[in-house]
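The following block contains the structure, expressed as structure tokens.
So that you can tell them apart, the chains are marked A, B, C, D, E and F in the order they are listed, and the count of residues begins at 1 in each.
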Amino acid sequence: MKEGEKEIELIKKGKRLDGRGFEELRPIKIEVGVLKRADGSCYFEMGNNKVMAAVYGPREMHPRHFQDAKMAVVKYRYNMAPFSVDDRKRPGPDRRSVEISKVSREAFDPVIIKEYYPKTAIDVYVEVLQSDAGTRTAGINAASVALADAGIPMKDMVSSVAVGKIGGEVVLDLSGVEDNHGEADMPIAMVARTDTITMLQMDGHFKKEEFERGLKLAMDACHKIYELQRTALIERYSKSVGEGEE
Amino acid sequence: MKEGEKEIELIKKGKRLDGRGFEELRPIKIEVGVLKRADGSCYFEMGNNKVMAAVYGPREMHPRHFQDAKMAVVKYRYNMAPFSVDDRKRPGPDRRSVEISKVSREAFDPVIIKEYYPKTAIDVYVEVLQSDAGTRTAGINAASVALADAGIPMKDMVSSVAVGKIGGEVVLDLSGVEDNHGEADMPIAMVARTDTITMLQMDGHFKKEEFERGLKLAMDACHKIYELQRTALIERYSKSVGEGEE
Amino acid sequence: MKEGEKEIELIKKGKRLDGRGFEELRPIKIEVGVLKRADGSCYFEMGNNKVMAAVYGPREMHPRHFQDAKMAVVKYRYNMAPFSVDDRKRPGPDRRSVEISKVSREAFDPVIIKEYYPKTAIDVYVEVLQSDAGTRTAGINAASVALADAGIPMKDMVSSVAVGKIGGEVVLDLSGVEDNHGEADMPIAMVARTDTITMLQMDGHFKKEEFERGLKLAMDACHKIYELQRTALIERYSKSVGEGEE
Amino acid sequence: MGLEIMDDIRKDYVYDVLRSGKRVDGRGFREYRAISVERDVMKRAEGSALVKIGDTEVLVGVKLEPGEPFSDAPDKGIIMTNAELVPMASPEFEPGPPNENSVELARVVDRGIRGSEAIDLEKLCIEEGEKVWMIFIDIHVLDNDGNLVDAAALGAIASLLNFRIPNERYGLTGEDSLPMRDTPVAVTTVKIGGDVLADPNLYEESAATSRLTVISNADGALSGMQKSGNGELKEEEIAEMVEIGIEKAKEIRENYLSNFL
Amino acid sequence: MGLEIMDDIRKDYVYDVLRSGKRVDGRGFREYRAISVERDVMKRAEGSALVKIGDTEVLVGVKLEPGEPFSDAPDKGIIMTNAELVPMASPEFEPGPPNENSVELARVVDRGIRGSEAIDLEKLCIEEGEKVWMIFIDIHVLDNDGNLVDAAALGAIASLLNFRIPNERYGLTGEDSLPMRDTPVAVTTVKIGGDVLADPNLYEESAATSRLTVISNADGALSGMQKSGNGELKEEEIAEMVEIGIEKAKEIRENYLSNFL
Amino acid sequence: MGLEIMDDIRKDYVYDVLRSGKRVDGRGFREYRAISVERDVMKRAEGSALVKIGDTEVLVGVKLEPGEPFSDAPDKGIIMTNAELVPMASPEFEPGPPNENSVELARVVDRGIRGSEAIDLEKLCIEEGEKVWMIFIDIHVLDNDGNLVDAAALGAIASLLNFRIPNERYGLTGEDSLPMRDTPVAVTTVKIGGDVLADPNLYEESAATSRLTVISNADGALSGMQKSGNGELKEEEIAEMVEIGIEKAKEIRENYLSNFL
């Protein structure tokens, strides 16, 4: 949440400024396998967020002294394009992107079967091309699909979304204006198949009950996102098979 | 010496602003073995200076191509906490701390018996927590005790103090206000047992005779500091033995 | 070309501001073998440009994983002294010097016989001490002589000069004021013996015919510079032999 | 190599002891190590605190400087939180710019202060759009025996209670103090196997798969949370951790901060 | 090691095919791969374009911010061109500060824009000597299958045609658009053996000894050139490359930019 | 490895020759190598000097720029001394940011200038609290054959004698020159075995255990000192070194600076 004026009315007649209900996701669009060079890739839109994820690996890890003899090392780089925000972002990692990269990598740690590829690196790159609150969750959703597209063995996919509080109400998937003028924000990532949380951050002001309600809301939404991720992969896969037959 | 106004009267009725005589040290407080993780440590106060020294090693040197096949490599890092000075210091090394780290390391070079531990590193870390002129000398005094506490073999300990010139007088152990408004500052480090100098820096304006008098004054004071260092170590050692017997 | 006022009249009565004709080089001065530590060196003046080049190598390449098992690796560092320009240049590489270093290195790639010295490094260092437009070409000319002085095997030397456009005229070897107020600048490097181009950059506004005329002009001038480079080396060599006989 | 083996042995030890229903240092599952908070320990800082939790030792210093406000908040002061994991504090820490661990530490502490709105940033405006106070909260870790985040967060809020505003040094006038509006306290729990433990020491941290920091305010509401580590958490585990977080924060606030208010 | 062998095999393959008078992907020697230019794709940017040349994909975004003019040009706006070869785009790209390849890419694109005087910098003056618009042209490479420079340069000029000036965001007034005065187009050819090929793909780039980028304006004049690579070029080869450059730039301008004018 | 052996051989050679009462280049123990000082060699600099001591060659350039004063000295100019050990000058120097050796070199030279109060910083005030002249003293080492500090310090003071103040370039008025108030000269001696040698060459530097630089003023007083190296010095050795320092500084001042006054 930014320290801006907070006098904006974010809820009018029971609807949010963009017309959504409290428990409604923004529109999602997923494209799989859009890049040639990467081993796996995914373009992901969530409302006005546009992110691209690419996966390389398992590939040789260098410098070698960073290798792990027992398993693959997963690296995750969340990066914002300079033009993805209103005030141009200086290129290169800042503290925010360092932290997001860390928690996003940890969001995948429990699902990637790293033991299959000792001494290698699996590189996940997420580029935010246009942002509107929720880029880390969009990035995780995209990375999840890109990892699957790259054929990286995973116990299951990871799905991610934020909940927050605006005008005193717990709502799903904050937009930029809601994030800037809202009271709380809590992004989570979840393994939908097992209902286990792999990322959880929160800031703002959440009463215990609000937190509990928000967590449930986010977990439900992750199931929906999971279905969209699966569908996109299945479509891509059937298309490939179809193409193969031509 | 800073380029500030110099109109402050630093000597009144033969006494310095803090009431000290010309050849008097500030109060010194030494605590040995105060940190758990470090192999040796020392908390040291000299007047309003508060510094902490920690020693790690001898331990594996990496990256390996920095190893010395014949002896241990000693590293020394002098660092100021951001809140140790009036105007917040930006974290990370600046040119001043790079130079101080170099001459401080060299102050210990003649006494540490590096040949006993080829291929290893001995790391000395000095953190200045509160500063009031003389932090490099306080740091060396602390490091000396921390090295002994870590059991690093040394020919003898190193003791350190500065002399300077204020109001035309050669005086011992400048305080912050004396350093800012004084005419010369000369920190030295010495091996008390052999009366040999291992660090010597000077800036300002010293006539030859003043320099000679100042050097003697500092050397005498180093003997006093040496006794305090020894006493602190002996007390620590007897306490340990005592504790062991309980 | 800088974005400054352009109202300066650069050509008066068919002559340039410094009295040169359109196809005239600035005075050139070459001194060979001027540094003791370097394996080869050359001090080069072209008008008000003063540059020094030094060559080290072939020598051990480290870190080792940058070695090439089949040939020497050539590195080239173009650097401006902070006081070489009107507005002090901050020390360290900037984007301009990174690009110039790259194209200058590539200017030598076709002539240095790298296969003779696998796994080694050949380091070329160019320091601009005083600048007046054309420092990259002066640097290449100096580096060429320094490489020969270091005994690095080359198919032939490289010679370099710029052409440009001022007041609508294609002219040779722009000076600083001409570069700042001119319409186009095109530095080239050439192997005089084979008339082949190894560096070519251009910016500004060149009609196709102007470009072609300029290229010819620059190539002719490179032949002249080549003779000066040869002469300087021969003189140096005969002097060495002479000295040897004394 | 040697280090990895030690690491495995240490983890096994923690598991073994837990299997018998105990912690390696004999504490209860929800019990903190001894806590001490000393304030105003460093006189060059406008506020400072030395916090010990067991053998973990963190020094926090607060400095204020006038600076330009952000363009989207012209009448508000600025908080900058920074953590230095200086190599003095642990053989694992290396000199150099902040890495992901020190960045995360600083940002989680920052989030609690910011989320709780403990500091009334509008009171730190000197001249709207021109000059505001920048508060630098510097976390200096001296000895790391686990659970840095709780120690750092406690040091931060303790330093902020009754810090001085150095008006005089900068030729300014105005109030010299700024009362805090809240006292956020961070409580970290870890999951090891099926158990949830509060205030993990270093051994327990290395054996834990997931860690959850819960920061709560005087009113019991949450102002910040952060899961870290490469494990996963079930909804009910999170619920337990949040419950412990709120309960423990209350205790710590009463025992170690109320005397500063 | 493995990579080097692959590299040699790839080069041999390119040579072999060329020997039979063909290119690896069947194109004519002066033929470009399929080009597409989509504009205004990213709404946070004041101008943007996604350019594809074959499988090469480059996103360019233009941002404007008020800033201080250079002291030697107090009444002129400032162009800053930056290229990020993000590791997403190629297994050869590594994270970190710009290296010589990304610096060269940015500077060559910048040179074309600047040399053509496409932007009337005097129209970007807000207050002489005090405040001017800084135009940031950010080249974000998404997929590298060769010939980044032509894609980046095309993306840059496409983004600049009809970008918005964000007067409102900065509380300023004035024209919200700035028509370009020219449309520089970059055309890159490579020399492989004795052949000159336009628009090299990645295989061809790695087999080429020299590369020449020729940037030309709507009037057919040259506004920028850059040779790169470790080979040499004869005068007549350069002449051919320049001829191709001017001819192809005209085609590209007509086919992919004229609809934006 | 190879380098270390060469190093040992070189040291042994220095010792052997010293044992017979001589220096490797035949000089007396207190004798300098040939010194030359050329001034105003670089016309873009406001002051410059090329100093040679034997084969050691150092170029110093002085630049002036207007800048903001420090808050604790609002009416005083600022001195910034910087040394670049560019890799041209020695196979041991590496490109990159200043390391401890270049930092020490710059700071010792700076200390002498500052300690002697050679520059009247109050005369470099343009507008109190707003704008003062910043003097950049840039030490550019071209060839290192030992004793860089004496060459650099001599180059610095020679460049400062009669430097120009570039009022016109910055649209300012005022005096165009600033006479120096003193002429600090650095004299470095080393201890090898039991001997003290002035102006060590590279071989002697590598054989020495301790080095002492003594900077003294025209009045014979000391304005700066610095011991470096991993050895120790007795009180009487320091006394001898200081005596040599003061004596030699006087000679160098007379022979190489007096003609510039």
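Everything that follows uses one rule, which is that contacts are C-beta pairs under 8 Å (C-beta built on N, C-alpha and C of every residue); 3 or more make two chains touch, one makes a residue touch a chain.
Quantities reported herein were computed from a predicted structural model and do not represent experimental measurements.
In contact with chain C and with chain D at once: which chains are those? Just list them.
For chain C paired with chain D, there are no chains in contact with each.
Give me the step distance from chain D to chain F, shortest route via touching chains only.
The distance in steps between these two chains is 2.
If you tally contacting C-beta pairs, which pair wins, B-F or B-D?
Of B-F and B-D, it is B-F that has more C-beta pairs in contact.
Measuring between mean CA coordinates, which chain is farthest from chain B?
E
Quick check: how many Å separate the C-alpha centres of chain B and chain E?
57
Which whole number of Å gives the spacing of the CA centres of chain A and chain E?
Averaging C-alpha atoms per chain gives centres 31 Å apart.
Would you kindly tell me how far, in whole Å, the mean C-alpha position of chain E lies from that of chain C?
27
Going through chain B residue by residue, note those that touch at least 2 other chains and give them in order.
Residue numbers touching two or more other chains: none in chain B.
If a residue has to touch 2 or more other chains to count, which residues of chain D qualify?
Within chain D, residues 98 contact more than one other chain.
Draw the chains as points, connect those that touch, then say whether the picture is a line, ring, star, complete or other.
If you draw each chain as a dot and join those that touch, you get a single closed ring.
Could you list all chains around the ring, opening with chain C and heading toward chain F first?
The chains follow each other as C, F, B, D, A, E, starting at chain C and passing chain F next.
Taking the complex as given, what residues does chain B use to touch chain D?
Contacts found on chain B: 35-38, 48, 50, 52, 54, 56, 59, 77, 79, 81-88, 91-92, 123, 125, 127, 129-131.
Using the touch definition up top, name the residues of chain F that touch chain C in the complex.
42-45, 48, 55, 57, 59, 61-63, 65, 82, 84, 86-91, 95, 97-98, 136, 138, 140, 142-145, 169
Quick one: in the complex, what on chain A touches chain D?
1-4, 95-96, 98-99, 101-103, 106, 109-110, 184, 186, 191, 194-208, 211-212, 215-216, 219
Please output the residues of chain E touching chain C within their complex, sorted ascending.
70, 72-73, 76, 98-100, 103-104, 106-107, 111, 114-117, 121, 212, 217, 220-235, 238-239, 242, 246
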